[in-house]
Amino acid sequence: MYSFKNDYSEGAHPRILSALMESNLEQTEGYGEDPYTLKAVNLLKERIGRSDIDIHLFMGGTQTNLTAISAFLRPHEAAIASNTGHILVHETGAIEATGHKVISIEVKDGKLTPVHIKSVLEGHTDEHMVKPRLVYISNPTEIGSIYSKSELEQLSNFCRENKLFLYVDGARLGSALCSEENDMDFSDLSTLVDAFYIGGTKNGALMGEALVICRDSLKEDFRFHIKQKGAMLAKGRILGIQFLELFKDDLYFNLARNANNMADILKKGISEVGYSFLTHSPSNQIFPILPNWLIEKLQKKYSFYLWEKVDEDNSAIRLVTSWATKEEIVKSFVEDMKEAVASN
Amino acid sequence: MYSFKNDYSEGAHPRILSALMESNLEQTEGYGEDPYTLKAVNLLKERIGRSDIDIHLFMGGTQTNLTAISAFLRPHEAAIASNTGHILVHETGAIEATGHKVISIEVKDGKLTPVHIKSVLEGHTDEHMVKPRLVYISNPTEIGSIYSKSELEQLSNFCRENKLFLYVDGARLGSALCSEENDMDFSDLSTLVDAFYIGGTKNGALMGEALVICRDSLKEDFRFHIKQKGAMLAKGRILGIQFLELFKDDLYFNLARNANNMADILKKGISEVGYSFLTHSPSNQIFPILPNWLIEKLQKKYSFYLWEKVDEDNSAIRLVTSWATKEEIVKSFVEDMKEAVASN
Amino acid sequence: MYSFKNDYSEGAHPRILSALMESNLEQTEGYGEDPYTLKAVNLLKERIGRSDIDIHLFMGGTQTNLTAISAFLRPHEAAIASNTGHILVHETGAIEATGHKVISIEVKDGKLTPVHIKSVLEGHTDEHMVKPRLVYISNPTEIGSIYSKSELEQLSNFCRENKLFLYVDGARLGSALCSEENDMDFSDLSTLVDAFYIGGTKNGALMGEALVICRDSLKEDFRFHIKQKGAMLAKGRILGIQFLELFKDDLYFNLARNANNMADILKKGISEVGYSFLTHSPSNQIFPILPNWLIEKLQKKYSFYLWEKVDEDNSAIRLVTSWATKEEIVKSFVEDMKEAVASN
Amino acid sequence: MYSFKNDYSEGAHPRILSALMESNLEQTEGYGEDPYTLKAVNLLKERIGRSDIDIHLFMGGTQTNLTAISAFLRPHEAAIASNTGHILVHETGAIEATGHKVISIEVKDGKLTPVHIKSVLEGHTDEHMVKPRLVYISNPTEIGSIYSKSELEQLSNFCRENKLFLYVDGARLGSALCSEENDMDFSDLSTLVDAFYIGGTKNGALMGEALVICRDSLKEDFRFHIKQKGAMLAKGRILGIQFLELFKDDLYFNLARNANNMADILKKGISEVGYSFLTHSPSNQIFPILPNWLIEKLQKKYSFYLWEKVDEDNSAIRLVTSWATKEEIVKSFVEDMKEAVASN
């Protein structure tokens, strides 16, 4: 049974484990103050093209989001997220647990625009309501769509005009930046947003997310927040070594490209058979709408999530590819689908 | 420069890395629902000798403490800790950040007794004060002392009579249980306390602490709290695989024994030279009181923390040994000390 | 300029002030343990018809809501409210500030039904999401509608079957219970819900809300929560004296009836002129839809809130009557409206 | 039975009730935006001698403390208080419930000095500990002592040099400022500290504390915090009217002077009989040490708190006088004491 359920089904890219192996018995300082972490941070700054940013390494996305957002906001301030936003739906109220409301906006494609946010601002008029202060977006979004540079510029401008922080959850940022439709890079991101994170867990690391803080006023005392939230790893180097390995050459991007390429093969194959998709998703998650009988058939060889019922006979499923997905498996998926349809 | 600063200076025991390697490309469920984690949890239950306990794997001690304590307490309830308690001093107010006061008790040897706690209860008389509800102890304590079974029994009885939860921070639990002076095992712990954790990070794992919840009423919905606090690792198996490796034979205890043995060699050597210790510490942290000139000399070859000034000419230092400390290095430390004293 | 903006524009009913005057120089215990408060609590229990309930007096609605809800929920549990719910919209994230998400449900008439809540439960399936635990409703709702006994019974049954607490914000409970359409009393409420509060501030008190806790498991240690949230008034008797005065005869209900009657006169008058209403509201808040030119004219003599734009030419306004509203003023409002329309 | 238990045993000074009476049926805006509150705020600014301060009215001390301190601090920052500090001991962990540790300093006389605070700063060296950021003092302290201007200047200078906010809990500020030993006024306070509150509840108001924010950076969005903490009174004018009455002439100070004078009579009388005091307390709380037999005798006619056991035969009691205490009663207390001693 092959799983397309997510992009964290395997361990780490072998180079990651080798790097951990090689350095294993060296003694280093703890808590992210070791030479590997310092080197990884510097390397990331180079890759982003800025030395005036702060970078902190975390173990997971929820941890990164809750630490950053609670550090950035004052008690009466709230985050804004789309109705599919991970912090809104799938983090067990982690942001609220730090005291902050997450305001939800209903959107079709997972992406926020200035129009959406303007309507929230207009509805929050006085001190009887929370003060919207931070716009949370994911790139790619939770339903696979990605932001274009011009879309992000518009958001960025709007946020700056309205004193809103713009924060990007980059759990799958590699997939977004390596998408064929993408026209941004790290450097663009770093000038357009106030903070973002570069996801490692879903792109070949054992675990690890690199939070990039671009706005000066958000940097102060940040390590206190990391420690307070239980996010400061004693053997911090484990994160440093991994990011060093991912970015010392193009490994990070190559892994993301593989995930995207495998998704493309699936997309093309599924289209050829004649099926359509729930969302336009040029990244490593796709949401084909298939007849229920076909889904049942496929489930005998592949595992994946049922996403939503579309009508009586058809449902959307979610297929996620990853750095570890091999061409043969996606091809066999397409073949199996074609066969099933032919023999139906 | 060899470091005696702590027991998380190195990576992981090589068997841990091998185990990660072997399973690396297998696909498993995420978030701690993989077969490795399930197996590790069952193995730990066997080792503890009880099937009616719940076990959850975490990435670090502060994370474990804050998740457990905030899950166990209602908003008006407080924890009690000794003045050296890790949650009181060294977790950046992590417990308070979840809304709970930590009440401090001044003790000499890091250990709490019923007498201490009784005085706290007597001082908390009505609803204008917090309600003390959980007693936090560390075994070994932050200054290396350990609890005897009879001491823990007395605490346990007192807590049960007074409706207090008893919680043990076991960051270095291996060292306590393998101490020559220890007369307890996992099974004793599990019957005497309401929850405790078995520290992996400081005993050979890359990272990892296993929280054991013994009291039924504290088990409900616990995974919600793990997720909410950002402590649910996507590739949860990384923790499962490590605990499986540590406990499939006696690796965990053997590593702890090595740490203790190395500390003993240091202790004996230092005593032979004629120096004494700040605390009685039968575990892997020792606190010799040395003349300042000697400390300076030793610092040229070894790194360690200055713990406190004792008088004008003498200070206590902290030496920590670990699973990775080799006999040759502790012997050379003692030799270097003897030589320095001889040639002074 | 007469204000229909709200029902807390005036001070207190004169009998309230007289009662404060009479007892003024007596010495009593503080913090709600005085004879007046004890007597008020007992009187309320009699009025409700149950001795097995706990009653606590508060200074305001937000304070009551946040203290109760945060005391009732564990950290991972969430409240459910309609999209007009006061705790969702108009309390500056007070519930979230205590760590809990408020899940919003879009409804037309301000009222929640089992169908609504079922859909929330179905969408919250595992520990990656908060656990819905408390259903928050207002009676009357924020848009003037009220629950019938049978509607509340259905909600109550559904909540009990699904282990949800049912909590009623009764900021204007007097108006609901004295509505012509109402078929419930305090006693019904106390058996159908887990906690509710009887609003005094908006019904003739200087300030004051009486929280009634019906479910045993929610009562324990409640005074700790009151003190912790800054809601324990030193001169607690000020609240006790007021509730004693409101309930020693039918003052509370008579005041609510006056508010409703005045709203009825407005409603009838406005209907006669030919205008309709945004919501069906049998309580003391009404939402007539008027042409903009008429609104502007009325604003010269009366103040009230513009509620929402209905189309280019018409808007809904909110008119609130109170215990202090006099018949002459509502009649003159209707007259002024008729005249304006006639002369248009 | 006359009570010396506290200074909130009675209602309000009769002028307060009259003022509420007179304005009772006027309609005003809610939530502290009414003309009375605005006028009271301006009057207080005049009395303090500064127009560049912000003033907000609250209903009680715990509410004021928790709202202000949680608004002023970032999540990792902590308050410092003496071991008798009200926020530390008697507010049920209200500050911790907003996420912040309160660091305790053991002092003899309830007062903090730069030496105390310096020792705390020296013990908080890195991000593994909270960051001390706000110094909380009470004037008078919880044990009746008061700060001299020079003591406060030293604290103020130290705090500014070390980027610490200085906050004064003024629950009994009137008594401190009217003490014979006092050499400060409102204006001094406003230049030396970052925020303080002027207590009304314990000096003749029904309830009410006026928070004065002196430091610009602490003012922003403060009303959001008031609302979020449930501290925004719907009929805010009730607070405004009271402060207007207290400060439109010297009522506030006259009431405080009465409390102090009555305490002085007690002190002199008790000294004449030959008894001493637990603390030096030039304000309206005194702590005489009396033989237990005498205490028992006095308890037949007077109620007061036993403060602490001094030795087998003697205990300290707390006697609190207030704006409402009459000369005849304190004289009779002294007489009764003299008689009892004479006839012993």
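Should a chain be cited, it is by its letter among A, B, C and D, assigned in written order, with residues numbered from 1 in that chain.
We take it that a contact is a pair of C-beta atoms (placed from the backbone, for glycine too) under 8 Å apart; a residue touches a chain by one contact, two chains touch by 3 or more.
Chain identities (UniProt): A, B, C, D = Low specificity L-threonine aldolase.
Every value quoted in this text rests on a predicted model; they were computed, and no experiment measured them.
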- Same-site or different-site touching of chain A by its copy chain B, using the half cut: same
- Item | Chain at maximum distance from chain C, centres defined as averaged CA atoms | B
- Message: As a quick test, compute the distance in whole Å between the mean CA positions of chain A and chain B.
- Response: 34
- Taking each chain's centre as the mean of its CA atoms, chain B sits from chain D at a distance in Å of 43
- Task: Indicate the residues of chain D shared as contacts by at least two other chains.
- Result: 75-76, 91-93, 97-99, 127-128, 130, 224, 227-228, 232
- Note on the structure: Seen from chain B, its contact residues with chain C in the complex are 31, 70-71, 74-76, 98-99, 127-128, 130-131, 221, 223-228, 232
- Message: Which stretch or stretches of chain B touch chain D in the complex?
- Response: 75-76, 78, 89-93, 96-102, 104, 127-130
- Note on the structure: chain D contacts chain C in the complex at 2-3, 5-6, 8-12, 14, 17, 20-21, 23-30, 59-67, 91-94, 97-98, 201-202, 206-207, 224, 227-235, 237-238, 324
